[in-house]
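Please find the structures below.
Look for subunit A in each of the two complexes below; its partner is subunit B in the first and subunit C in the second.
Our next item is the complex of A and B:
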């Protein structure tokens, strides 16, 4: 029938030498990924679950096994509801505003202009991701400095004539962490969407033009449908990434003022490392693992990712 | 072959009169510009101990290895050291803030010192008895006090004069504080009139991180945090709310900036010492020696200093009440599992010598630990020490409860909540009690 099916048949019926070859290929191609997954996902998860059932305190010693940490999560911790609410807000706002929408706008705009200009602006938007996180946040600290010496206040006061300086860290901390993370997050979607747009056969655009389609119609009927899979992938990947990342927030606001910017992952960190409640931190982390798996499966189902991984229907020579 | 080796080794041993055995003692110390001689004196003490050992005919020689931790504060450093001990990589000796000592004692990491202290009266006999409280846990003494200090409100007299206060008023402030006539609310009033009537932006600034100074405000409102009968942590809701109320009012009056806890240390010091931009700065006496004189060029001469600058203890909560100040001794302690406890005790004994401790005291304006130091001309010449000693009559310690460091973290978070307008004073008191009850053991609430 098709060349692929023939290959498969040949493979299955093949003599021992081919079987060995297949095994070797499995080890060579999938081995590293499996080893990494076991080392950096499976084993840490097992350790985390075990620690969550102990009384490990600030000197890392375990004197007994207990379910006390889970009782605390379900009974005594009044910060949790606020922290979870903030986490959802932070993840979905960053995702919706920057990592998807803004990334898409950047990809569309930079592919619509000439190649040089497009490359330049994509390079500029990659800068935050390329800078070390401490350096990036240091720049933010200067930008939002609440005195008249901060960059933002200099602009607001000299250009827009604002009379007193503003203090975004105190007045709008959630917006601040969304923007600071979004500026970094946008670049990943931008790169992936750009390459997807570039992969659309040129003749489709020409044909659409000939048929009288305007720019918006081309985006709507040609570009966006071609971006379906990249968008699905970026959504799932960035949701998981935002859910567990907190280093920029820790550096910029330390989770404050008060608990205003303490997202779930940072909350685990504060509990475990600020006060040495390691077992409690481990128990809290069990839920972020579960939440991550849940979101991954939900996204898989929602975007019908299985379809993406099907064998192609056309023959590949 | 083996016999030849043994014979060779034996011959070498016989040929060398005494083969010195090097004993390496590791000292854990936080990198801290406000006290470089804390580890430095231990290193110097090794020479003295080695000379003593030689005189005794001992073949042991002590080498001190300092392991510096980059922790930004004592609380972070203590948590890090607890982890280091927890994985069996602990040092032989360590330097810590005193209120953490019982956390180390609780986990069995620190050596009980009572017998050793009695054995070496020449080293430890004259240390001020009151200072030993800072090294005590319920069942004995676990640490040797290394220094002491006093914490206070520094104030800028230039700004007070500019705001219309006359010299008589300004000069009487320390005495009025000590007699209980000046109150915490009056400090806010003075600071407010400085902000209103001068170009200065800030009335009162305090540290932007977790630490001891702001706890003076809580103490002055009657919070001692420990039940004297049981030694357990004690939280009194009304007294907590009153202390948080002071911060709430100060922020509402525009005296403490709402973002004080997110300001930079150096920026705060510069506002106070260099820019004449803040009326009061709540900190401690060592700041003069370690930052104000060398970095910001404040006059080192006593008269010149007091012309434009001054300090007061934490005033009373209400007229006629008691003022307070806080001393926060740093301590030397020895690991329970050190191979050479005796040598470590003797080494720290030498490090506590009058001359070495005075070196530390006068270079960083910390208070000494022995009465003999008062006779040292260098100590007598260091006027900030003598003047700060006046506060000792109202000075308190932080409680040596193993959970106090954690409680302080909760209090700091609540204080940040109040200042940034996230919590009212009442809510902050509830927050502290809720958090303490949920995360700490055996907390008494009144």
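Our next item is the complex of A and C:
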């Protein structure tokens, strides 16, 4: 009603005012986003690319332009191969085991149980995401403490009767970072999948049950097909965020022991800020920027992300 | 096919008692309609029958066996939901075949049965489409095919026609009815549309707020409604209801005396518009409004007891607006209800004022 009135008023005001108003709307609504994008994306990317063609080192001085950083990436850096391999393993395993499968199981279980219990459980699961990373990792540090006072060791020794305490940080560091990231990563998928499951009309479940489908058949034939889009979305989004974020790993293992848990993003960080190879770090970062942009565009096209902008597909409650 | 029995079936959702306790018998092969206003517990009853809801109390019997603990998937019930509930990502073929997947039907036979069911409801041409590519009427047919393909012992239809336009509704009514005749499957049709119920069903179960108000043939409910509620619910245009005080074989309605038999105290008189006629003598009034209804004409007559609806056969109005008329009726067709209990008083009748 009022939208129509607005339109009428605008029409009466004439094309000139309308154009001005549209321009004003543009500035008001898109302005902040554009400023932020330029400030925190475009400018840093330009600086990064420029730095990557220099020899900037610990002294932060630039003596000349060079392509030696790129030559190093494509030939000189043997550690890089191992880092990339680890990154692929880390991203794929975290995504497949936790961010998708575990999130899906959580969503299915919490929607199948009583609503109150489900909400409570999901709330608890969200707590670590809402608390500061440092706090979350501090909890993990306590859990995996290699002495008999760590939570894990207490359980293993008193409940399962293990003789000597174990030290996951040194014995299974890759598994540790996958689990630590996965536990928090699963919560996003859980929330999105839960909303999507809730949005499935109840009649479909009733119809399927009457048609003879058991729980597993219902999940397979009714729930999962309805989750196609949310699963795609979570996959693309989490791949991106797993590729570029490293704060939990940095806090938990500092990339160690040695370089065992140094994923690509952390490798850039360590090269630049630990060993002071700023130019080399910048060159490495160029690739992750390109990869990020590529993934975002791929997601945009392949998973029909445009639809996300058109109308709400999920109801967050 | 199955004989269905409700023995004191109750259903509560938390603190809300939707069905307090329902007794019901449905014969094998019968076509019954569950009729009642929206929210009276019709769909809930169907979902109890289908095994989706567990009754909070009482027993449900199929062919004399208690099936309370039989899961939905093992009840062999076909159901058509109001929203059709077709599986959106499956083709029409896969939708219809879905129930057969779980019956371990050999592939050849499954395909044959899907084709048969599709042909039965005339959607044979649409098998490769998705539900979103179908019209409402086509979706409805597909839903019916999906319910019939497993050769259910009980067919449940939850307001299957309410989303269709008027013409389609009319033809689907006949089609569903003749399909049911042909297959002989026990069928329960849920509807809030009394015309749907009276034209399709052998028997009508009239419900109100989770209770059965009356069970009977369409004629029973029309001729001898057991309560004011049923009288008001069945019949179109709706029955005329006027309040009066009965004493000494006379009912006083707003000052107009109607001779009466068997009535006493505070009562409500029900007169169906189609039972009223314009006569030489009777209740005097003036025609206030005329509504041609095709083969009938509805007159709204302004009288001392209020507006009275009179339905006359014939496509042309024989009277003009403003005309003075006298309304008469056959006393045997008048209905008298106790105003407090709202129940029909057997044997009580009123006669037109002299």
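Note that the second predicted complex is superposed on the first by the 253 of 317 C-alpha atoms of A that agree within 3 Å, B and C clash if a C-alpha of one lies under 4 Å from a C-alpha of the other, contacts with A are read in each partner's own complex, and residues count from 1 in each chain.
Everything that follows uses one rule, which is that contacts are C-beta pairs under 8 Å (C-beta built on N, C-alpha and C of every residue); 3 or more make two chains touch, one makes a residue touch a chain.
Predicted, not measured: the structure shown is a model, and the values here were computed from it.
Asker: After the alignment on subunit A, I want to confirm one thing: do subunit B and subunit C clash, or do they fit together?
Answerer: Overlaying the two structures gives subunit B and subunit C room side by side.
Asker: In the superposed arrangement, does A:204 touch subunit B (first), subunit C (second), both or neither?
Answerer: The second partner, subunit C, only.
Asker: One more residue to check, A:161. First (subunit B), second (subunit C), both or neither?
Answerer: It touches nothing on subunit B or subunit C.
Asker: Touching A:170 in the superposition: subunit B (first), subunit C (second), both, neither?
Answerer: first
Asker: Looking at A:64, would you say it contacts subunit B, subunit C, both, or neither? Reply first, second, both or neither.
Answerer: In the superposed model, A:64 contacts neither subunit B nor subunit C.
Asker: Considering only touches as defined above, state whether A:132 meets subunit B (first), subunit C (second), both or neither.
Answerer: In the superposed model, A:132 contacts neither subunit B nor subunit C.
Asker: When the two structures are overlaid on chain A, which partner does A:225 contact: first (subunit B), second (subunit C), both, or neither?
Answerer: In the superposition, A:225 contacts subunit C only.
Asker: In this superposed model, does subunit C or subunit B come into contact with more residues of subunit A?
Answerer: After superposition, B is the partner touching more of subunit A.
Asker: Let me test your reading of the model: by the given contact rule, A:213 touches which partner, first (subunit B), second (subunit C), both or neither?
Answerer: second
Asker: Taking the superposed arrangement, what is the smallest distance in Å from a C-alpha atom of subunit B to one of subunit C?
Answerer: 52
Asker: Subunit A touches which residues of subunit B in the complex?
Answerer: 79, 82-83, 85-87, 103, 107, 109, 258-259, 261-262, 406, 409, 413, 416-417, 420, 422-423, 434, 437-439
Asker: Can you tell me which positions in subunit A touch subunit C when the two form their complex?
Answerer: Residue list for subunit A touching subunit C: 201, 203-204, 206-214, 217, 221-222, 225-226, 228.
Asker: If you look only at subunit C, which of its residues touch subunit A in the complex?
Answerer: Residues 47, 50-52, 71-75, 77-79, 81, 83, 85, 87-90, 98-99, 101-103, 146, 150.
Asker: For a test of understanding, state which residues of subunit A touch subunit B in their complex under the given definition.
Answerer: Going by the criterion above, the answer is residues 58-61, 72, 76-78, 146, 167, 169-170, 253, 256-260, 273-277, 280.
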